[in-house]
Every structure is written in C-alpha cells, then in structure tokens.
Amino acid sequence: MSKVTSMHDAISDGVSDGDSIYLAGFTHLIPFATGHEIIRQEKRDLELIRATPDLIYDQLIAAGCARKATFSWAGNPGVGSLAAFRRAAEDGIPTDLELEEYTHFGLIAALDAGASNLPFAPLRGFIGSDLPEHNDNIARVESPFDDDYVYAVAPIQPDVAVIRAQRADEAGNAHLWGIQGEVKIAGLAADTVVLSVEDLCSEETIRSDPNRTVITSDDVDHVVHDPYGSHPSYAQGYYGRDNEAYIEWAEIASDVDRVEAWLDEWVYGVENRREYIEKLGAGRLLDLQPEHSYATPIDMGAYR
Amino acid sequence: MNYTKSELMVVAAARELENDDSVLVGIGKPNLACNVAKRTHAPDLKMVYESGTIGSNPSSPPLSIGDPVLASGAVSIEPMRNGFNYYLQAGRLNVGFLGGAQIDKYGNINSTVIGDYDDPDVRLPGSGGACEIAGHVDRTLMVTPHSERRFPESVDFITSPGFVDGREGRKELGLDGGPEAVITDLAVCRFDEHGEMYVDTLHPNASREEVRAETGWEIEFADDLGTTPEPNEEELRLIRENLDPDEMYTDQGE
Amino acid sequence: MSKVTSMHDAISDGVSDGDSIYLAGFTHLIPFATGHEIIRQEKRDLELIRATPDLIYDQLIAAGCARKATFSWAGNPGVGSLAAFRRAAEDGIPTDLELEEYTHFGLIAALDAGASNLPFAPLRGFIGSDLPEHNDNIARVESPFDDDYVYAVAPIQPDVAVIRAQRADEAGNAHLWGIQGEVKIAGLAADTVVLSVEDLCSEETIRSDPNRTVITSDDVDHVVHDPYGSHPSYAQGYYGRDNEAYIEWAEIASDVDRVEAWLDEWVYGVENRREYIEKLGAGRLLDLQPEHSYATPIDMGAYR
Amino acid sequence: MNYTKSELMVVAAARELENDDSVLVGIGKPNLACNVAKRTHAPDLKMVYESGTIGSNPSSPPLSIGDPVLASGAVSIEPMRNGFNYYLQAGRLNVGFLGGAQIDKYGNINSTVIGDYDDPDVRLPGSGGACEIAGHVDRTLMVTPHSERRFPESVDFITSPGFVDGREGRKELGLDGGPEAVITDLAVCRFDEHGEMYVDTLHPNASREEVRAETGWEIEFADDLGTTPEPNEEELRLIRENLDPDEMYTDQGE
C-alpha cells in the first residue's frame, strides 16, 4: 500500500501546532526540506527535540516555530554556535525558548527507552556533572544486585519523527547506509513518522538486503520522495556536505534582518524542495557529488 | 624550523597518543593531532568518532564529526546508542579529546553556560558527548588557547568532570581515569597527585609570567619545568601538505 | 596484524577448564566445529551459556564437558527435546548439570548489560512468571519517575565467546548477514573472542561496507578460517540447515551408547572440521547449497 | 470434504488471524496457520519470527524459527535484543502463538518443568520467548492436542502468564491482552469474563464427554455451543499442495 505523498501534505497532515517533533539524523541525512516546509506552514509552539539542533533547528527557532528545545549539543558543527538558538534562549527573541538538556548519551538513552516502551533507561552518564540538578527527567538509580549505581533517564516519545534515508519502497520500508545516528530509534519512539528519501525503490530491492533496513512500513505514515532533501547536510553516496552554507548561516543568523531576508528567499520564496534545488543550481550540486564506491556484494541465497 | 603556535599545539597533542590507543576524535586540532600521530609514531591508532564511525581513515580533514569521509572506508559504523553504550561506556576507548569555554584547576570543563544556568550570560552548546567521554576514557586531552577567562579557578558549571574536587573526589564517584594533559598556546599542563593542574613544559618563547597572567589561579610549575619539544619537519609537512593544506584549523604562516 | 590460526590452537589457547563460554548464534551460524574441538580437547567443568543450547550443547554435555548451563530454551529446534541435556539435568548423567534459567529476552538483556558495562538491564519481562523465584540474578526494580516497574537482570560476561560470520579479514573485522541473533553482544560481552568464518576476505572488502560489520578486530583474539564450520546448522548464502542431522541426533542422543559411538565417529575420530566435512561427503554439501541471490548494491561514495 | 484433525486445527487457527495483524509466528502448525491466513483472508498479515525476521515470506515451511527461508526475502532482520525490545516489548506485535506441556484453566502455560522445579520429573525446554510473548501481545493463541495431562486445573509452573488467577490478576500485574483461544483436536476454547477457559465450539464429531474426559477440571461449555467450521477446499489445497506437502506438521490422510 503506497504512502507516497508530497512534503506539503505530509507536514500538513502529520504536524500540529504544539507537537513535539524529532528531525532525526546525526550530522548525516538531516531533514532540511522538512524543516523548511514546517516553517512555510507556520507551525507554532513546537517542542523541537534533537541531540544536535544544528542549522535546521536554528532556522525553525528564528522563524518563530518553537517554544522548547530538548537537546544535548546546540552548535553549528565544525563552525561555531547557533545564533538564533542563543537569541531565543538568552533574550527570548523571537520567542521564549524553554530548554531541556541532556548529554548525547542521555538523550539517546531516553529515546531508546521511548522506542522500547520502558519507564526508564539506565546509563553510566551524567556522573560528576551539574546537569542532573537541572533536569527532573534524570535520576539516580541503585543496582538491585550490588552497591553500584547508574543514572536513569525518562523515556522520550515524540509526537512526530521525521527521518531520511537513501531509499525506500512506496510502503515505507527504508534502507539507510553510512552514519546511522539515532534515526531508527527516533522513528520507533514517535507516534507519527514522516519518511523522506533520495530514491524510491521496489519492494524487491528492500527484500534483497533485509539487514540494511532501518525502519519498516508499519512504523511509517508518510513517504516523501525528495531528492537532495538533506542539503546542506549530506547523503552518503549521493552528495557531500555543502560547507559554504554552514559558514554562511553562521553569519546570517547573527543578524535578525538578514535571517528574515534569508527565510524570504530560500524558504517562503520557494514552493518546495524542487524549487529550492533549482534555485541552488546544478553547478553547486555537481561540486557536492562524490565518486562512486560500491560495497562488495553479499549473497543472501535463495533457499527452497 | 619555523612553525606557528597552532602547529605546535597539534604536534604536542599528537605526541600524547600511543600506538595501541583507541581515541575518540574531535574536529579541528584534535583530528589533525590524531592523523599526525597515525602517520608517524602510532600507525595502529584506532580513530573513533562520536558519530559512530570506527576505524575511520579520512581522505581529507572532516568538516564535522559526521563527515562522509569518516564513513566511507571505515571499518564499522555503529548507531549512536551502540557507540555510547558498547564503545564508550564499556571502556573500549581509552583516550578522548575535550574542549570547553572554561577549564578549571581540577580539569573540570564547562561547555554549558557562563553565569547562572537558568539565566545565563552566555548559552554555550552543551555537553554533546563530552560528559561521558570525560567519565569513561583513561586519559582526556584538552587543546585550547590560554587565557584567564578560559582558566578560572572553578568553572561556572561542570559539564564534564575532571578530578571534580581532587583525585579522591573523582574516585568516590566511581570514575577511573581522568584529565591527562591540557595543551595551550603557551604550555603543556598536567595534573599532580591531588589532581591539580600544573605547568609541565613551557613552549619555546613562552614565559612563566605569561602563563601566570593568563591563568585564573596561582598555577604551580613543575620542579623540573621543561620546554615543549618543537615539531619536526615530517610533522609539519604532514600538516601543511596533507592534513590541513587550506589552513582551516592551523595558521601556517611562514 | 593477522590473528589467523587453527581451531585447535584457538581453543587450546582460548578455553580453559572451568571457563564460562558462549557459543553464539540464534539458529544461524552455530559454531559446531568449535564445539567439537572443545570436546576433542576434553575441556571440563565449563559453564555453557546460550539462549538456545541446541545440539551443540547437547553434545558438549554428553561428552562430559559441562558443569552448568545458563539458558532460556533447551530444545532441538523444530524437532523436540535435548536428551543429553535432560539426562544431565534430571539424573546427573554423565555429570550433574546446574541450571541458571532465563527467558530469551531476559538472557539477551543480561548479555547486553554485560556488553555495555552496566550493573543491570531493565526489561518488561518475567511478569506473571514463576521464573524470578528461582534465579537471584532477576530482580524487580521500581521506576524513579512514576509508579511503574520492570524486572532487571544482572550482567552476563562470559570468559569466552565463540562467534561465526560469513567473512572477516585476517585482523578479525567481520561481516555477518542474515539472522544476527546475539552474535554481536556475545562478542562484546566476553573477555576472549574466537571468530570463525566461512571466508577470509581483504580489509578493503570490510571497509567497502562498514554498516555490515558485526564485530571489529579489537574485540577478536583468534580468527579461524573454517568453511562449513556451522554444519549441521547453516550459513546464510552458503548452505542450508542439514535437517537430517537434527532428526538423527534426536534418536542418537536418547541412548548413551549410541552417543558414545557417534562422538567416536564424528568428533574424536576426525582431526578437524576439514576431515569432518570430507567424511560428510560432497553430495551432502551439494544438497544444502542454495541458489545465488545477491543484495542490491549500495554506493558509499568516495569523498575528497 | 475429507480432512484430518491436524488440518482442522491449522485452519481454525488461521481463521483467528486478521488482515492487519502482526503475528509472532511459531514453527509447525502456527506457521502453517499464518501462511494459510496470508494466502486467503489476510494478505497483509505481517509475519515476524522470534529470530528477528520481519515480514518474512517463506518459500517453503521453515524447519526452525531461524530457517534461511525466513531471512531471504524478509523486509527486515533485527538482532535479538531489538526484536524483543522494540517489537515485542513496545507493542508492535499483536498476536502470538504459544505452546506448552500444560495449559490451565486461566490459560497459564507451563513449558518449564513437570513436578518440582529443583527436582523435576520432566525437564522441559523452558520459556524461550514465550513468557514475554504471553505478556505483550493482545491475543495469544494456543494450538495443542486435548488431554487431561495437558489441561490440569493449575499448572505445575507458570512459564508464561495467561490470566494468572483471573482477568483481575493479570491486570494488577500491569499486563494487557491475554489468551484468546485454545485450539485443540476436539474443540476451540475461549476465556470468559473471569478469565476462565470454556468450550466455544466443538469440532465436528467431537463430543462434550470426550472434552470433559480430557480436561483436568470441570470445564464449562458456551450456552450457544457451536460447531467449529470445517476447512474449505482452498485451505486444504494450500496445506496439501503448497505449505506442507511432506506432511511434516499435518497428517493429511484422505
């Protein structure tokens, strides 16, 4: 059963004002196109959850979509800080931004508890840090077997997760390769899942390599075919990170007027990702293109 | 040899790494340091990144810890939970690089807030993986410019534990290992039996006075205070020609 | 650095009397050749850990190698019960067999805790069952966040894990496809790891597809190239399960004399797996051979 | 139509499955039942096996729950921890098949020991995945021959919880769902408002007396006791020609 739809329809159906939302991907396959569609549809009061808020959350915050950020590292990876995030967190511009803060391990463990239907996840984390004093969802738990202890985090179950993968069939069974990040558990923990891919493929392609599957159709509500949907982050085997865009955003984000102009031009001013990519131009895409390098094949065998 | 402070810092960090180390690499100077080490005295150095890439062999300097050059050609790639759970928590990584806005006398690091947590003067990025890296590797290395603002006696917020309030304090929490060295643009600092930072070697041309002026407490100097060894030709060649030709992370001014 | 050795040397170096040992693999890639080598070397007083003891543990028990079994389902999969296991557990023949019993989920969670260096793992398991009354390594834990509860299991960290995979390089970086079972966490939880593979491959092959890697060289102590080392279980893409052997064992195992004769012929009577396979004969191998069915390739991309 | 008791049991089990079910399949009759359902009224039935294969589409009857026919052509394969953690525990599976040496009045199952746990008369295989399947799916189905030995009033050991000591008892433990049907060679049994097993339909040619004689307590019969519907031609053809031509799990005596 096909779940293929447009990003517009996926977001207008899947995301409501006030939702908690996880745009997944650890530096890889970040759902930028989805973030832009959320901005275009002027969703409000969102709780943005993500280990690494990255540029896309900076843009959502700058556009006034957010009321809260749940995170573990808020920066522009390899470049510096997130100016819009800081402006909201420090000065309430354009909206106040409540913060719920973890370490990477803590946030990922909380998401794993959410995906697992567990009331908490234990980790040897937060030890010696001041963080637990500032987050009620972190608590010390004693081992029932000896005098050891751990910290526990409460489960995180987002209303919506948006995940990207290289390819999926129309029902939403997806293959992802390269850095996996927290994509799988974000999808499993959330109520609604929007899956966006570089390529649509046949169900046979998925079934030819079941170990490659990151999520299956039962957990996916909408499938969007959105090539280059992760630009300016990257898709392993498809395109590299557009570092200019990361450096450029660091400059733009520090100035509210420039942010508005940028949103007008690159988000409100285009209808969808296709227009954004056309505007970006073929030359820029070519510069981001890697050479091919195929994985050594494996034989699953056909058994009778 | 002519070299810059950045180059000296990278090389000093590289020399902290041993051949059988598994290192959790950060971006920037730490990545350069690891690659210098791997191409010189530590060819078996295993480079692991927070993004879950194991045994990466990057063809060019990664732009972030999740760069595709870290994934293509890696030995393994783990989902985030597995990386933290099986690799970091289970003690498979023995060296980690950390940075922060503040590092204090006991090697505690603040990368969370300057000022009050609930009403900060400056909101910093936060822990990321740092807190648990600091807790679980045997030796943490810090590479950072030396300034009074960055070296307060006590950090505003402990994001990542050093020796907390001394070596005993760390032990009582159940944590092994701890800070090994702080490599600045003036000196290489280490930690004494109480877990307090001291200056082990001064960089060529750096003075005790400069270090004192840029440190927020009365820092001690080693009785046998040495001079940080200079980078050699091969190390500089690697940085300039192979690892950072565009001077993204080093000024290579001749 | 090559860790390639013979199974004889891997076991004589890696396994000592009294060790706890996990021969990993859930119905797939069961290390039969390793089990037989352990029998040949007359290792004694082993604690055999494994979710599904299967024929290989029945044979080890029948040969007098075991003092304890830690398990969750002791049967001949698809056929019936394990006669030697039962004889030892019920009547102490040939040795008494202490039992430490879990559910599958419980045992796998305990192994995961062992692999993770956690003092316990929580699960919604054992609820309503009589099992926790009989195992001190299962305890109830309350949630620190609400009035929910779970059971916790104590970590399992075997002295030795033996794992199989389809291919590995000489250093012990291994690719495994098909059913994964508990192979990875068994390898991560154990002190010593013996890896046995169908094929040795180049490091480049491993690096061409890092998402396929189940364990890396740092965790592997010995690499053994042992084709058909999982017969009569199977290796995905290489050979199918030899069901006749499973059915035959059910008959043999119920009679102590027939067990002795079988061990004499198929274990003590051959020097290594190669002789076992030669004795089995090419015809039988041909019957187990699947048709080829390759996974659709993926492009990792070469980035500069 | 001529059919055997085994065939009737398989078909009765198949008819318990609905098109949008995700079922944790066992080997033998449960596997046949699922495949009959998928090929007749429930084409979207999602078959998941304890070995972690998701959406399997086996070309022939699997010899074990880890048979390669379940892996080749599956939609996904999960490591064991993920299967139990994300699929079973998180409620992604809504139907499960269970078997056991004893099933009692409340649908509790014993597959651990006959007699005393520490000095058993018979040591059975143990739980495997059964305990948590029984705890986490919405509906458990049992397919088993009817005999007094197999149907005691109370099991020697609870391996897998049914309604424990009644529907309230199960609820108090925090468990939803529970036993749905027990399909024997004489009848289809279900569970009343108290969680007690009763006979819902008798198989053609089976009698109340036979059921009473083979049940270890005074089992009740439905007021509107029906007759189990017979297999139809298509179902029998599937079993005999496609799914179990070698009669591994069914006697197909004409």
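Every chain is named by a letter (A, B, C and D) in the order it is written, and numbering of its residues begins at 1.
Everything that follows uses one rule, which is that a contact is a pair of C-beta atoms (placed from the backbone, for glycine too) under 8 Å apart; a residue touches a chain by one contact, two chains touch by 3 or more.
Please read all numbers here as calculations on a predicted model, not as lab measurements.
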item	value
Chain labels contacting chain A and also chain D	C
Intercentroid distance (Cα basis), chain C paired with chain A, Å	37
Centroid spacing, where centroids are CA-atom means, of chain A and chain B in whole angstrom	28
Averaged-CA centre spacing for the pair chain D and chain B, given as whole angstrom	58
Multi-chain contact sites of chain D, meaning residues that touch two or more partners	53, 67-68, 71-72, 77, 85, 89
Residue list for chain A, restricted to those that touch at least two other chains	117-118, 123-124, 148-149, 178, 180, 185, 211, 236, 240, 290, 293, 300-304
Interchain pairs in contact, sorted by label	A-B, A-C, A-D, B-C, C-D
Complex contacts: residues of chain D adjacent to chain C	27-28, 50-53, 62-68, 70-72, 77-81, 84-85, 88-89, 112, 117-118, 120, 122-132, 134-136, 157-161, 164, 170, 173-175
In the complex with chain C, residue positions of chain B that touch it	22, 44, 46, 53-55, 57, 59-60, 67-69, 71-77, 85-86, 89-92
Of all residues in chain C, those that touch chain B in their complex	1, 115-118, 173, 185, 188, 203, 206-207, 210-211, 213, 216-219, 300-304
Residue numbers on chain A that touch chain B, as the complex places them	26-28, 51-52, 71-75, 77-78, 81-82, 85-86, 89-90, 101-105, 108-109, 112, 123-131, 134, 148-149, 178-185, 234, 236, 240-241, 243, 246, 290, 293
Sites on chain A touched by chain C in the complex	117-124, 137, 139-141, 143-146, 148-150, 152, 154, 166, 175, 177-178, 180, 201, 205, 208-209, 211-212, 236-238, 240, 290-304
